[in-house]
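Note that the chains take the letters A, B, C and D in the order they are written out, and that residue 1 is the start of every chain.
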Amino acid sequence: MNVLVLMILLPLLAAAVVVYAPARRAKWVALTGTLAAGLACLLAFFAFDWADAATIQFQASRPWLPTLGLELSVGVDSVALLLIALTVLLGPICVLASFTGITGKVKTYYAWLLVLQAAMTGVFAARDLIVFYTCFEFTLVPMYVLIALYGSSNRAKAATKFFLFTFTGSVIALAGLIYVAWFNATLVGYDPALLHGTWTFDIATLERAAREMSASQQAWVLAALLAGFAVKVPLFPVHTWLPLAHTEAPTAGSVILAGVLLKLGTYGLYRFVLPFVPDAVVEYAWLIAGVSIVGILYAGLVCWVQTDIKKLIAYSSVAHLGFCVLGLVALNSAGLTGAVLYMLNHGLSTGALFLMVGMMYERYHTRSMDEVGGLASKMPIWSSFMLFFVLASVGLPGLNGFVSEFLCLLGAFQAGDWGGAVGGTGLFTLGPWYAAVAGLGMIIAAMYLLYMTGRIVFGEYREPAGHHEHDVLPTDLNWREIGLLLPLAALCLGLGVYPTPVLRALEPCVDQTIAIVTGAADSGVEIVRGGETEPRLVEGGRP
Amino acid sequence: MTALLAQSALPAAMGSGVLAHYLFVSVVMFAIGVIGFLTRRNLIIMFLCTELMFQAAGIALVAFSRYHLNMDGQTFVIFVLTVAAAEAAMALALVVLLFRRSESLDAEGWSEMRG
Amino acid sequence: MSGIERVIQTIGETVVVGAQHGGGHLATVEPGPTWMALAPFLPLVGVVICLICALVPRLRTSKLPAWGTVASLAVAFGLILATWLSLDGRTLNVHAWEWINLSWGDGPGRALIANFAFHIDSLTVLWMLFVTGLGALIALYAVEYMEHDVGLGYCRFFAGFSLFVFSMSCLVMADNLLLMYLGWEGVGFCSYLLIGYFYKKPSAVAAAKKAFIVNRIGDLGLALGIMLIFVQFGTLEYGELFANERLLHYKDLALAGDFAQIPFNVQLIALLLMVGAFGKSAQFPLYVWLPDAMEGPTPVSALIHAATMVTAGVFLIARMFPIFLVSEHALPTVAWIGTITALLAATIGMAQFDIKRIMAYSTVSQLGYMFAGLGVLTSVGAAFHVFTHAFFKATLFLCCGAVMHGFAGQLDLRKVSGLRSQKGWMIVTLAMLIACLNLSGFPLTGGFFSKDMILAEAFVTPGFRVIGWILLLTAGLTAYYTFRVFFRVFVGPVDYEPGDEHHGEPGSFHPHPPGWAVNLVLAILGVGSLLVAGVYFVGGEHGWVGSMIHDSSAHYQADGTHAGTLFGQDPHTIMYYVSAAIGLAGIAIAWWLHYAGRTEAATCRADRLAFTGSRVARWARDKWYVDEFYDFLFRRPLWLLGQVFYFIDRWFVDGLVNVFGILPRLTGWAVRPSQSGLLHGYALGTIGGTAVLLLIVWLVT
Amino acid sequence: MEVIHPVILYVAVALGAIGVGLSLPRRGVNPQAIGAVIAASAGGLVILLLSLHTSRSGEGLPNPFFYVFSVIALGASLRMITHPRPVYAALFFIMTIISSAGLYLILAAEFMAFALIIVYAGAILITYLFVIMMATQSPTLEQNESLQDYDTTSREPIAATLAGFVLLAVLTSMLFTGLTSLPAPSGQSIEPGLLVELPGKVERAMRRAGALPPGASVATDDAGRMLLDPAAGTVTISTAAGGREVVELPAGLGVGNVERVGMSLLGDYPGLIEIAGIILLMAMLGAIVLARRKVMADDEDRAAMAAKIARRGTGGGL
């Protein structure tokens, strides 16, 4: 069986078993399921031909609705595989993190958690637009349940807002995607060897067809796709669901939300927006970058005045993913590589931060920095990990965040030249100014994250009124908790000091995407372009 | 061919004007059913009116079947009958239930779905 | 599978980075032996030992972390010595592993290469010698100094300490700007960790945070500068960068004074890098974090905030000297900022009472000297001053630490007096005296020669004479405040009261003199400070440091050969007499005001001066209100902006979203009455609707 | 050529609307009879014009019984919706059903006609009658008038009539305009070879008609199909001697309505039959579940019942 299908089916199978197994076994079944998926992922890592990373591998497809050209088709390139690996890695961690936190309705909880993992894997593995979209939307349902049933006090509102907000956005995105499919279906005489002129939702085919759209068509499709993906990322004005959802979600929910669900947005931008509407992206790159930068600074400052730790980290996600989107629209090798790497790194470090907060919350039942603090003296292990992940999030060189952040900024810096001074066309061209202003985000990130660290990790020990020791958990972390933090910490460190394998793996994909964009973009932004990328484009897609 | 047709019980073709007669009857019967459904307040009569509409449809179906010399129309009437029977069973069960609740068959007595 | 093979292949591969674009005086870069790359990683062994000790309860209460750190640093120092001996003026490159390696096609500027690789030339070795040497010594000092914290705190301290040395080594030895940036931020983080060592003290936490954030402001400048270098020259590796033909061409233009032909963007690089240097080296206006950083344990202050980390800015400018040379305004700016900082910090230092803070301001001031030295094109003078300063300032801090340790945290010079006359404090006093003489530029000390070199160059470099005068004045102020401390604390009548770490009756307090480790370290450093003057007389034209600089990128060929004269004489000779006189005058004033006729710790003749009560003196004591000014100008507005943004976020951005949520609800509320709940209503609607629809269909077709 | 001039049609429809509207039950003045007459005359007018048109176009008039049955059907249905007593309404509906069955017969759908009578009039309507009787309060001494208020007044008669007749107007208009573009009936649509599917019937008919010699049987090919030539009206038989000969089919041998319906039902729509069966089963279950009267028993009742059962149990043992 195809290893991707296996990775999707294993959690689903486990979910089914969870439903029928006794409640006290539910968590073990879930753990087994996620670990099995992890094993499959490991298998995929070994079987993947990294030398040919831009080619879609592990392809499998099965007709679904032939009259509309729908196919249940999967396949991954290295970008998708790495994101799947992130998903699959966070799976068992989330299950482990819920062992003591979730006490009621455990079967429902673990079943939905597993379904969520399958859906997320499906999003990254999809090679058919509708399969992608189905999985993309289906992630909402488990997340909704997780927030609405297992969240804290304001959970109903948070879940509803999360669902409706992201759903509204993605429905508009669906319109855009279907428009592209319709465009392809009505495109005749372009390249008879391919499936143009018929209804198909095959991503590789549509990629090629979409580029034939006129400038105004591209602009509209860009707007539609952005409506969906920007909400998911989330970019600046459409981010308000995130703090609410994060604050109310259970720990595992927050981890998945920050770790993977937000990446669906950036992945969508990478997978669809860039190749589908390259001209429009080039034209409006300044706008998207501008919005990202506003998000970086705005969310950063908002972070600084938070007292709720989870809210702080949630807003920090808005700021961080601003960097990621900035790198994406820089449309050069450094920026794109940085952006994809940022997806992975943000998943690791922010996911870990939410885990940390969850562990603290389980012991102190508060998320407010006003009520709890100075934990370094009480929980040295927890504090060490917290500091570590905060630094990863701040972007300390040597840890993972730095590599991606620097590459994103360098990408934006390289994208043009000093506005107006040499070449370029003023402020509406991405360039050093954008990087310089976005760079202020680095300072602000240090401000708010160290402010938080200074309050909860350092300082005099404070505990909420009426606090008493947890009856199951020790004062500091237990082995289970340490065990689930260690892999994340190791990866943060590993990707910080030796990101080369990942960079190598991403290089062909990024080159291919850039070739697509520059192949379509004839003027405007100066884009650095690879020499050997042209032939790969022809081979890529459908081997 | 003609020999065999003559031997069979299949009637001769029917003109479209004749068909119009039947269809007109069907349409009028349907309209009467509609009006009945709208004006009567007795739940049972209302259901009877729906049966009347079924019946009107049945006449049209059979008439077309005759016109096209095709059995599909009649076959369809069978299904109409089936649905009508099922609907009658369910509807009457509901009516009985409602009647037990309010001792009345007045459709206006039930407005729980008021917005 | 091939991916993994490739990974294995790349590990341990030694890549020869040859400078293809020869030319200039720079030696070609040769591959170096692998053992040289061990030096920066040895401190990590210390980190691992500390980590293991922290995890194993039985080891946690031992002094193993400290000794592990001392040993690893000592070995590292040994390695650096060996490197120095085998270097022989060459420039070596040792590759450890690939770090960030991204390429998009062939040709220059098409690849971003930043490896874990080390660029070893004499400048590197110069810095590494005192980084590892002082590191080992101060670690030894800390073995005793930190012993009351044995346990997790001990492990944490030495882990941070070792990590710092690792980061500093990366900073100094990096062969590319990005790895240097790693070290740059790494030392900032270690500084954060160690300043915040007493994490229960809110002031320590705040100081740590401040240090990190102010440093980050500089780091942004540095990062942008690095990006601009990459965009302009297509490489981040020193070897390639300094051999870049464009850069060499610009350098020729700059030496000919033809700056108009050098693109603005190239000139901008130096200005951006400068911001980074100002942040790390605590120059105006980013110096504010350094005095606060004294919240950390004294060994930390000595190593990080006096001897090594704060000289990173000087190192950066020295290393990037070719880049700075091609910028018309960068070096003058550096000179002026350095001068302003030197004077400002000296004035504040004069008015302080906390001896550690005096030393901190003194550090800021001396760093200003170094920057001024760089600015007046004497990279040798700056590096020489860095070198001597590292010794005597570390000594000063360690002496202060010994006092603090002995008097339960007492740091107020008004509350301790006459250490010399107490039992067990002789070595401390002697070491302090030597260091103070160095700092105040007493003739024939190391500080005397290094400061003179900078002053003389300032006077003879065209357009910088004003700087020379200001620095001369500052030298006098330095001598005054240095000996103010010495005369108040170390000599004079015996009088003391304990600091706030003493719990109990003040009468029950007995100071405890330092133990063998502290005394040993102070003795070594004292002797070192005394002998450091000797390096001026060995080696080439400008002493040993000059010869070290000569073989590196910091070399400036016009160095020290300014044709100018001072009062018709060789500027250096003149300056010997002038600065000696100024220094001695400062010491004399300090003696008169703070020693002569003093009978108790708290009061002295200086108190009777009208000037000390004046408003200006109070302003100086309150650090010219720079912190408050920043607080008012940046922190508060930003905080307020954050609050405003949060308000906007909740009520406008989210409000808009909620309006979209409410719209359907309003519509529903408006049309709700149409849903009567009656069967007939719905039926009528259905049938009427069908009729109307059919009507439309019929009318249309 | 128009079937009926639109103005006339609309006048007739309007008249019908007025008539039906008048005949609806309401309190006080109740001109039901007048309304019925108006409605009937309007309907009659349309049918008359239609018949005139048909006869003029040379198609010939429909079977005379058509008029009889349609008048009864429409009249009974109108009375059904206007009669205040539910039982009578149901009976009038039965009348409609029966006359509809008559129309079916005219349309050569004998099986459907009888099925209609059996299923509808025989089963469904009887159920209705049961329910009506069950759900109608019996008259008491004080209130001998057993008519319910909701039976005697109609709801929004004008709006309802309007909606119904707008629908009617549109439908008839569409009907009469669409009639001209109706595809001509295709006699070919019924498979002439349907007889091939019925070897048993052919053999039986031939045996009865004596067309099959003793010992002979209808011959089949290798696939087991009858060798029947519908165009020539011949069939191949295999004689007792083992030879084969082609013989004429007996006169009058054909496929009847029931057979045709059956073939269509089971041959073309076997899946639908199954589904219909399931629907019926579900409806039955649903009806049982819905109409079942739940016994409300609290714990005390349950205990009492259990004790009773237990007593009975021990009693049996003795």
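Here, a residue touches a chain if its C-beta (ideal position, glycine included) is under 8 Å from a C-beta of that chain, and two chains touch if they have at least 3 such contacts.
If you're wondering where the values come from, they're calculated on a predicted model, not measured in any experiment.
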Result of counting contacting C-beta pairs for C-D and A-C, higher pair: A-C
Inter-centroid spacing, chain C versus chain A (mean Cα positions, whole Å): 36
Gap in Å, rounded to a whole number, between the CA centres of chain D and chain A: 62
Chain centre separation in whole Å, for chain D relative to chain C (CA means): 97
Between chain B and chain C, centroid-to-centroid distance (C-alpha), Å: 92
Per-residue multi-chain contacts in chain B, two or more chains: 34, 38, 41, 107-108
Per-residue multi-chain contacts in chain D, two or more chains: 155-156, 159-160, 163-164, 167, 171
Numbers and ranges of chain C residues touching at least 2 other chains: 680, 684, 687
Topology of the chain contact graph, where touching chains are joined (line, ring, star, complete, other): other
In the complex, chain C residues that touch chain A: 1-3, 6-7, 10, 97-106, 110, 112, 116, 152, 178, 181-182, 184-186, 189, 192, 196, 199-200, 202, 205-206, 208-209, 212-213, 216-217, 219-220, 223-224, 227-228, 230-231, 263-265, 638-639, 641-643, 645-646, 649, 653-654, 656-657, 660-661
Residue numbers on chain B that touch chain C, as the complex places them: 34, 37-38, 41, 46, 107-108, 110-115
Chain C contact footprint on chain A (complex, rising order): 46, 48-51, 161, 164-165, 168, 237-241, 298, 301-306, 332-334, 337, 374, 376-377, 380, 391, 396-398, 402-403, 406-407, 409-410, 413-414, 417-418, 421-422, 432, 435-436, 439-440, 442-443, 446-447, 450-451, 454, 457-461, 497-501, 503-505, 507, 510-511, 514, 528-532
Touching residues on chain D, where the partner in the complex is chain C: 155-156, 159-160, 163-164, 166-167, 170-171, 173-174
Touching residues (chain side chain C, partner chain D) in the complex: 680, 684, 687-688, 690-692, 694-695, 698
